[in-house]
Amino acid sequence: MTTGSSDAWLITLLARLIGSARHVAVGAASPLPAAAALMAKVRHGTRVTLLHSRRYNPFTDGSRELFDLAGQGRIDVFFLGGVQIDGQANVNLVGTGTYPRLDKRFPGCFGAAYLAYVVPRVILFREEHSPRTLVERVDFISAPGTSPPGVFRPGGPSHLLTSLALFAFDRAIGRFRLEARQPDTPIETIQRATGFAFDQVPSVPPWPGPTTDDLALLRGPVATALAESYPEFARRLAAHLA
Amino acid sequence: MQGGVDDLAARLPNGALIGVPADYSGVPMALTLALLRRKVRDLRLFCLPTGSLQVDVLIGAGAVVQIETSAVSLGEFGLAPCFSRAVEAGTIKVKDSTCPAMHAQLTATERGIPFMPMRGLLGSDLLAHRADWRVVDNPLQPGDPIVLVPATRLDVAIFHAPLADQEGNVWIGRRRELATLAHAAERSLVTVERVVGGSFFEREETAAGALSSLYVEAIATVPQGAWPLGLGDRYPVDGAAMRAYAKAARTAAGFRTWLDGTLAGVPA
Amino acid sequence: MQGGVDDLAARLPNGALIGVPADYSGVPMALTLALLRRKVRDLRLFCLPTGSLQVDVLIGAGAVVQIETSAVSLGEFGLAPCFSRAVEAGTIKVKDSTCPAMHAQLTATERGIPFMPMRGLLGSDLLAHRADWRVVDNPLQPGDPIVLVPATRLDVAIFHAPLADQEGNVWIGRRRELATLAHAAERSLVTVERVVGGSFFEREETAAGALSSLYVEAIATVPQGAWPLGLGDRYPVDGAAMRAYAKAARTAAGFRTWLDGTLAGVPA
Amino acid sequence: MTTGSSDAWLITLLARLIGSARHVAVGAASPLPAAAALMAKVRHGTRVTLLHSRRYNPFTDGSRELFDLAGQGRIDVFFLGGVQIDGQANVNLVGTGTYPRLDKRFPGCFGAAYLAYVVPRVILFREEHSPRTLVERVDFISAPGTSPPGVFRPGGPSHLLTSLALFAFDRAIGRFRLEARQPDTPIETIQRATGFAFDQVPSVPPWPGPTTDDLALLRGPVATALAESYPEFARRLAAHLA
C-alpha cells in the first residue's frame, strides 16, 4: 500500500526523530512534519504548536511569541527545509546565484536565522534528494550548521531526512553521517545524488516502515487533527491508508 | 476620522516607509488597490515579519523601491512572482532579515530604545549584508558576541482588522503584532470589516483584544477588505483567486493584465 | 494540575526568586497566606512593577530576604508599614528600581536576550546603587550613553486571575503584564476565581485575553482569591479590611496579631 | 466659597499648565492632577490617561504600555510628587536619611526615573510647601532635574506647584523661578518656607482664581468624569462648589 518513501513512511520516521520531546513547533506549509508532531502528541503527550493553525496555536502575544518561546528554551524540536543544504548543515532559504543579484530568488529566511541557533534539535527535512538541493556549499547561508566556540548556541541541526536517506549531523565535527536509507535505494545512488561528502554507519540499514500501530494512528487521530490545517492532505492520507 | 478607502489611500504619501502585516494578520488588500489607483510610488516596505500577495502586487506595479523582510511568498500558492522577478532583475533593494529581527526592530521603537539585542544571526550571510546591524561583545558578560538591531520607526502602518468601535478603537484580537506595528508607526491607517456601537473598553472581554484609537489616524470600513486573502476566523483565503493570480503573475505582462482587470473591477 | 491552594503553596520552595504582580493585576492573597501557613522563608521578591499588601505581609512575617521593586505601598491606604520598618531596621536587602526597568528585565528573559537597553536612569541614585546595571556608549551611535539592565529569570511566578478553562489556560484579559511574568518564570502557580468549561482558544474573543497552559504548572480555584485587594471589574478592594491592616501593622506586634488572626480565620 | 489654595484653585492652575496638550497621563492617587487633566479634556479635547482607571486607560499591552507610550513621545505632560524636591528639581521618592539605611522609607521611585526624562513637560506637584519638602539637596535622587549634554533627554521638569507658589523650572540653568504666589501669601513667607534658593519674576503676581466657566466645568463634567476613579473626592468637589 505504501512505499518506502511515501508520506506514511516519512511521517513515521520524523515522528521517531521527535521521540518524546516536550514541545514541537511546526512552520507553515509543512504537512508531513505536522503529521509527525501530531503522532508524537497522541503517543507521548508532546505539546504541538502548528504556526498557521488556530486550534494548535497557543500564542496570544502575536507572532513574535514563537520566537520568544524558543528563546526561553521552551521549544525542543523545529523543522527547517531549504533551497539548498550543504555538508556542514548550512541552510539556504534565500536563493541561488550571487547575492544580492540572485539567479533565482526564493521567499527568504523566515525565522531560520534565529531558530536554528536556539532550538535544541532542528530537523532538516527536504524530500528532493539531488545534487541541486544537497550541495557542496550553499550560495547563501541563511543559518550556519555550526558556530565557533563562544557563540551562544544551545541548539542547531540534528538530522537531515530526504526521500532517500536519513543523516545525523555531528555538530562537533560539522559533518553528516548516513544512518539509514530508503529500502529500495542502494548507498551508491545516495552518494551520486548528494553534492557533499558524508560519513556513514557500517552497513547502512534500510529504514523501518510504519508499524500497524503507526498506520492506525495516522488513519485515525492524526488525520483527524491534521484536517484543520491541511484538509486536502489529511483526506488524501486517510484515504490512501484506508 | 472615518472615511472611504480612497480617503485613507490619500493620506499615505509617496516615498513613505510603511509597515505591512503577514498574510495571517489582516492584510489591507482593498487599501492596497486604492493606493495603486492613486498611483502611489517609491514606497519602502517593512514586513512584520513576512510579505504576502499585497507586497507582490505593490512590487509588480512598480510602486516599491525597497523592502525589508524575512520572506515574501504566496504561502501555499507558491513563490511571489513579481518579488522574485524584481530581485532577479535588480530593480528593487532588498534588506533581507529574519522574523524575530523584524519584530525586534519595531519593539525597539515601541519601547523608545535605540536598539535591541538579538540571539542567532552570527555567521549567517544575512548579517554579512546588513550594515545597520552591529555585533558587539555582551557588556554584561564579555566573551559573548551578540547582534544589535536598530529601532525602525515607520512612517505609516496599514492593516485590516475585523472591527472598530465608535470611538475609533480597533479590535485586533490575538493578532498582537498589529499593536506592535501601530506602536512603532508615526500614523496608522486601518480598514475594518465593520464598525460596532459603543466602546471595546466598556467590557474587559473586548478590551483585551483592542488597540486604542490613540494610535489610529483614520479608519475606513471595507467588508472583505483582505480579499482574496483571508481574515482570521471571519473568512478563508479565496483559493481560486489566489491560483489565478499566481498563474497570471508568472510574467510581467500577465501581471499587468491582472492588475488592470482588478483595478477596473474595483469601484473607485 | 488542579489542586487546592495549599498544594500550590507546597510547590513553591524556600529561597525561590518569585515574581509578584502589582495591586491592579490580580494579587494572589489567598496563596500568600497559604505560603505563610506552610512557613515559607528566604524568599526573594521581584515585583512587576510594584509591591502591594502581599509584599508587606510577606515581609512582616519575616519570609523575605530580598526585594527588587520600583515601589511598595498600600496605595490609597498609605505606606507599607512592614516594608518601611524592615528597610529602616536594615533587615531586608532592597534592590530599588523603576517601573519600566522591572518590565525590561523580564522582557529580556521573555525574548531570550541577556539584557535590554533603557532610557532614563542616568544621574539617578538608583543607578548609582545597582551594580548589575551597566552604562555603555550606544554602539549604533557613539556619544549616547545608555543603561543596560540584565535579564531576570524568575524561579516561580504567582498571580491570581479571573478564570481558567479546562485545558489549564488562564484568562488574564488586558492584564498582559501577567503574561510577561509567566513567560519570564521557570514555573507559574496561578489561583483563579473559577474554572469554566471548554477552551478559551475556541473563540477568538476569549483567546485574545488568554495565557496558554504551556506556561502554567498548576492552578487552584480560590473565589475572592485576591481579597482584601480587588480584582479588575470582578470585585473592588475591601477598604475596611485594608484600613484595619494599615492600622494594625503600624507596629510589629500589631502586625503579628493581625497575621495570627488572619491565618486562624482561613480554613487550612 | 473657595480660597486661594483650595482644590478648585489648584486644579485650575494645573489645567492652565496643561494647556492644550495632546495627551496627559496621570498616576495613581492624584485626584487634583486628574481633575485638571479632565478639565483640559473637556476644554481642548486633550487625551487623558488615568493609570488606575479602567475607563480612562487605553492600555491593552499591560502596565508597560504607559512607559512605551512615553518612550514613543506620545505623552506630553505627566505629574510627579516627591518626598523631597530640591532647587535643581531633583526629586526624591525613596526616603530620607542615608541610603540604603534610611531614617524614613517611602514607597519608591515608581516610573519617575524614566518618565522624568522622556515626557516633555513634567509638572512637579506637592501641596506641602515647607523646608522639609523643598530642600537644598534631596537625600536620594530618584530623578535628576537636569542632565549633562549628550544624555538623551527630550523631557524633564517644567513647573513646580505647591499650595503657596508656582515656580517655572529653567532647564538651561537648573533653577526655579517663582512666577506666581497664592494670593494671601507674601513672598517673604514663600522664601522662609523654601529650603532652596530661587529666582523670581519682577513683582511676583498673585495667581488667578478659577473663572465662572472653570467652576461650571469643575462642578459638572469634570466631577462626573472623575467619579469613576475618585468617587469620594468628586463628590466633595461638586458639593463644595455647589
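Things to note:
Here the chain labels run A, B, C and D in written order, and each chain numbers its own residues starting at 1.
As a convention for this text, a residue touches a chain if its C-beta (ideal position, glycine included) is under 8 Å from a C-beta of that chain, and two chains touch if they have at least 3 such contacts.
Bear in mind that the values here come from a model prediction, so they are computed numbers and not experimental data.
Considering the contact criterion stated above, the chains in touch with subunit C and with subunit D alike are B. C-beta contact counts were set side by side for A-B and A-C; A-B has more. With respect to subunit D, maximal separation of chain centres occurs for A (centres as means of Cα atoms).
Separating the CA-averaged centres of subunit A and subunit B is a span of 29 Å. For the pair subunit B and subunit D, the distance between mean C-alpha positions equals 40 Å. Computed from the mean C-alpha positions, the centre of subunit A lies at a distance of 59 Å from the centre of subunit D. Looking at subunit A, one finds that residues 54, 59-61, 67, 71, 118 touch two or more other chains. For subunit C, residues that reach two or more other chains under the stated contact definition are 107, 111-113, 118-119, 144, 146, 174, 176, 179, 204, 207-210, 232-233. If the chains shown are joined wherever they touch, the resulting network has some other arrangement, not a path, ring, star or complete graph.
Inter-chain contacts, as defined above, occur between A-B, A-C, B-C, B-D, C-D. Only residues 104, 107, 111-119, 134, 136, 138-141, 144, 146, 148, 150, 172-174, 204-210, 232-233 of subunit B touch subunit C when the two sit together in their complex. Across the interface of their complex, subunit C is touched by residues 28-29, 52, 54, 59-64, 67, 71, 93-95, 99-118, 140-144, 147-148, 150-152 of subunit D.
In the complex of the two chains, the subunit B residues touching subunit A come out as 22, 24-25, 48-50, 69-73, 75-76, 79-80, 83-84, 87-88, 90, 94, 96-101, 103, 107, 118-127, 129, 143-146, 174-180, 232-233. In the complex of the two chains, the subunit D residues touching subunit B come out as 23, 47, 54-55, 57-61, 67-74, 118.
For subunit C in complex with subunit A, the touching residues are 109-113, 169, 176, 179, 183, 201, 204, 207-214.
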